[in-house]
Amino acid sequence: MSELSNALLEEIIEEVRPLTRQGKVADYIPALAGISPDQLGMAVYAADGSHYQAGDADTRFSIQSISKVLSLTVALTLYDEPEIWQRVGKEPSGQAFNSLVQLELEQGKPRNPFINAGALVMCDLLESRLTAPRLRMLEIVRRLAQQNDINYDRVVARSEYEHSARNAAIAWLMKSFGNFHNDVSKVMETYFHYCSLAMSCNELARTFFYLANQGRSLGEDVTVISPRHARQVNALMMTSGMYDGAGEFAWRVGMPAKSGVGGGIVAVIPGVMSIAVWSPALDSSGNSLAGTVMLEKLTERLGRSIF
Amino acid sequence: MSELSNALLEEIIEEVRPLTRQGKVADYIPALAGISPDQLGMAVYAADGSHYQAGDADTRFSIQSISKVLSLTVALTLYDEPEIWQRVGKEPSGQAFNSLVQLELEQGKPRNPFINAGALVMCDLLESRLTAPRLRMLEIVRRLAQQNDINYDRVVARSEYEHSARNAAIAWLMKSFGNFHNDVSKVMETYFHYCSLAMSCNELARTFFYLANQGRSLGEDVTVISPRHARQVNALMMTSGMYDGAGEFAWRVGMPAKSGVGGGIVAVIPGVMSIAVWSPALDSSGNSLAGTVMLEKLTERLGRSIF
Amino acid sequence: MSELSNALLEEIIEEVRPLTRQGKVADYIPALAGISPDQLGMAVYAADGSHYQAGDADTRFSIQSISKVLSLTVALTLYDEPEIWQRVGKEPSGQAFNSLVQLELEQGKPRNPFINAGALVMCDLLESRLTAPRLRMLEIVRRLAQQNDINYDRVVARSEYEHSARNAAIAWLMKSFGNFHNDVSKVMETYFHYCSLAMSCNELARTFFYLANQGRSLGEDVTVISPRHARQVNALMMTSGMYDGAGEFAWRVGMPAKSGVGGGIVAVIPGVMSIAVWSPALDSSGNSLAGTVMLEKLTERLGRSIF
Amino acid sequence: MSELSNALLEEIIEEVRPLTRQGKVADYIPALAGISPDQLGMAVYAADGSHYQAGDADTRFSIQSISKVLSLTVALTLYDEPEIWQRVGKEPSGQAFNSLVQLELEQGKPRNPFINAGALVMCDLLESRLTAPRLRMLEIVRRLAQQNDINYDRVVARSEYEHSARNAAIAWLMKSFGNFHNDVSKVMETYFHYCSLAMSCNELARTFFYLANQGRSLGEDVTVISPRHARQVNALMMTSGMYDGAGEFAWRVGMPAKSGVGGGIVAVIPGVMSIAVWSPALDSSGNSLAGTVMLEKLTERLGRSIF
């Protein structure tokens, strides 16, 4: 078994480099379609605060659906649990991330907070309680990542909004069932801004350290959420964090994780480390192809997974 | 935090006793409908081989779908992985355990080996390679549990077979897609025999110790499956082991587990312990209601989950 | 067998009067929920231009989905057929009139022009070709009905718009598949105005006379659509005009017909007569309960159906 | 407009001959796959008993799903209507003829008697009341067609039975919902025998004359079913007789009709004539491609449809 080190991460990066040309960069909006698939990054924060990185770990990219974990995290700090779980479930969907079929059959209650419908409900919850939900999210990620210049990529946010027909359909369908309370356009704007957050692997690994550390952040040691909530968010990432590829990912990698179509994946081994990987080309489930293999190799080399 | 002890298990049993009347005993076959819901059992084997138990831990009951883990385990010893995974997936279904909707839309390939369709495919695989699949399974569980009188409950097996229309529909649908190779009746007979295995909590906890022990059994220290396969089966139980309640179970309990409608649940914390609980009354997802709470309390008291 | 006469229509009205309390008045918008279920009307125009009526045949009500036949009719005058049928099908849906399930599975192409999705596409087509689609529709119905004060009920139109979340979801879903070209809000406004047309049985029977008369209107004898198109619209009403109750209606009544949730139904026997009935209380499929029986009785008394 | 004549039928046959190579002969069983697509037949019985024919009108072929009309007809003579309609619906399915999705969602009640599930229920009904359902059907068609040598094609029946996995799944699914009472294999044997009936266009047009003649047969003038039932069966053929192409067929042809994958279609204009056409190559909905065009041309030439 290997030990964590920059060399180990670099080794892994080199091994997966040939895979970067196998998947397909997200192309549903022009702002993402232009990203070069040649980029590869990896960063780790171990439980003791030590930090490791390799490749393009400082290059910022669009975190996309990784932001869904942040929306849920913020909702957990603003609401009592029953207020959240009466509006969204905790089960894997067994369907594509943007399908309306299940949402209609289940009366407008999304399966979990990590599919689009569920994340839109989280944003709707935030809209009801926060006066400036976009500003608030920036404050949170800047503090967690300890980087004051993290920001939204407004070109991406605008581009997403202009291609948002499917998400609008989802939001309106939930509204028809009474499960959407605020203005659809306004909440979608917030949702797309969150998706457009531009962060690097280093920033992401640091930001999500709280999930590996019983809810407490690195550095200032702030309690983000309770230890129980941290365990629970990890559980939810395990069963529903990787779109309709969660089972395969658990089987191969065995870590709670959340991916985004920008090619990023954050993963944690509770009590051990938080990890962020990035490679823009995606597999057929919409998860970073080389990113998944980086995590698989890391788990094999360290002999560590949660199973 | 508490330490593992018989006293701790007994404490938990007493705490959940009031819940035994809240769920509903499975009643789709007469042989199960007659079970008294007052029974409660719990057994643990720790990594060091130490053993704990409480309540009706020696009473045998119908293990039902818990046997699906055994079918997969045996299949993993008989086939190369691709031969298995081309015929069954690894994803949560997001549907009832016996639904045909998804099976038709996905061309007869079951979502995972722990729903009925997937387990029937596992039995079909065993039928193709074993001359006496029922006898072989008995040998395996007798050796793992170190109990030579474990047997099928033929009344239950017969009763299941007589109420097997839905499973026959599932098997024939898969046959229509070319994903079922042997005689439907014959494979269903095997499937129902496996479901009818009568085992106690003590026997189950000992049998499934290999999943907490990198694939190696307790006692004779036999390699049941490789460490990698053990990790992978655990991952699959995590995402798909608890019917359409896997997400909620992961959120509350945070352990890989598999339940049966007989009221049993087996769970593991890899490297730490294997657990079996039993309480016949089921929740709305078909999982033991008090059994789930027993596991939840155990995880809280020990401060241990996989997250 | 009876002959057509005012007396026959009055007889039928009296026979069905006890049924007016059995169904349920549409209550999804306040403006419809307040309608008294005691009202009953019936009007017939025979092929020779003779006219019969009974009950509240001069009371105007909200024609609702009956307007979907008018939208299709206008579309047929503005577009070549392939331009229409590449965007909407001709098959019965086998689903509720406002379901999104089938629409998603069939890539945003509605099953037929008489479900909401299909009618929205018709309105989208009209929007693309007409500078004032609402004014144009008024001109058409005023001329066909020979009544210059027919108008939209703006209270109903407004109320529908305020409860339009489901239709917005449908329109946005079609937009996500590229099958909706104009502004969603604007087209929905037109759609709800058409639904809100307030017309009486006498006016409706006269308006839809063209479907019984090879496409030519009564009175001024204007060609509304070609004989072939008239036959085809009748065929479409036969298979898809009565929501998910078209088969039952064909079985019992045997006439091409279109119903609205305002309680109206228009029906024709080609070459013989056009009929309009009205009774606000609806059956479980959303069709006028007493209205269906009125048509059934008329067909029995006259010994006339299309079968 | 033309008059009915052998010459007219021959003209139509020649016009559609180029189309016989466009569709695709059914190939799910070898016994059908071998049929030459070059064959074309057409036969008409007018209301006055006069008879017209062209092409291969005497060649027998497998009537397949056309037999579903006969099963329903026989059921209507054996049962009170409510006994039938509590077990099968009257609505178009909006789905493929052999789908299980809708059947599961609708609790094992088939949408109508002309999809496989519904026809299997009809055969199950016949099995419960007839001692020799196969013999009885032969007697009926021999009398109606006035041909004593009409028989089952046992090679086809056997071949169907050997490829019956999908139908077995359907039957077992209905059994799981309590909507199938007899032995699945036995009823399927009857079902496949009915499908395998070998009849010519001339025999079919004569057999189904009762649907154009208020329920009375040609020749011996036997009452097959009541005038009301005849109207109703026609209505059902109109909405559900042409698989998932019923709407398109109504739009183009405008006659109640039932097709079979053997390439035959029977159609009627009530009070006017019964028609049978045959051309083995099928369109994408499973209906005879050239057969549909033959009927379309006949309706155009005669200026007759039911609309």
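As written, the chains take the letters A, B, C and D, and residue 1 is the first residue of each chain.
The definition used in the following text is that contacts are C-beta pairs under 8 Å (C-beta built on N, C-alpha and C of every residue); 3 or more make two chains touch, one makes a residue touch a chain.
Not measured: the values here are computed from a predicted model.
Asker: Give the pair among A-B, B-D or C-D whose set of contact pairs overlaps with that of A-C by over half, matching residues by number.
Answerer: Equivalent contacts to A-C are found in B-D.
Asker: Subunit B to subunit D: how many Å between their CA centres?
Answerer: 48
Asker: Just curious, how far off is subunit D from subunit C if you go by their C-alpha centres, in Å?
Answerer: About 32 Å separates the centre of subunit C from that of subunit D.
Asker: Taking each chain's centre as the mean of its CA atoms, how far is subunit B from subunit C in angstrom?
Answerer: Taking the mean C-alpha position of each chain, the two centres sit 56 Å apart.
Asker: Can you list the subunit D residues in contact with two or more other chains?
Answerer: None at all.
Asker: Which word fits the touch map of the chains here: line, ring, star, complete or other?
Answerer: ring
Asker: With touch defined as at the start, can you tell me which subunit C residues reach subunit A in the complex?
Answerer: The touching residues are 99-101, 104-105, 165-166, 168-173, 175-176, 184.
Asker: Applying the document's contact rule, which stretches of subunit C touch subunit D when the two form their complex?
Answerer: Interface residues on subunit C, with respect to subunit D: 89-95, 102, 111-112, 230-232, 234-236, 238-240, 244-248, 250-252, 254, 256, 270, 305-307.
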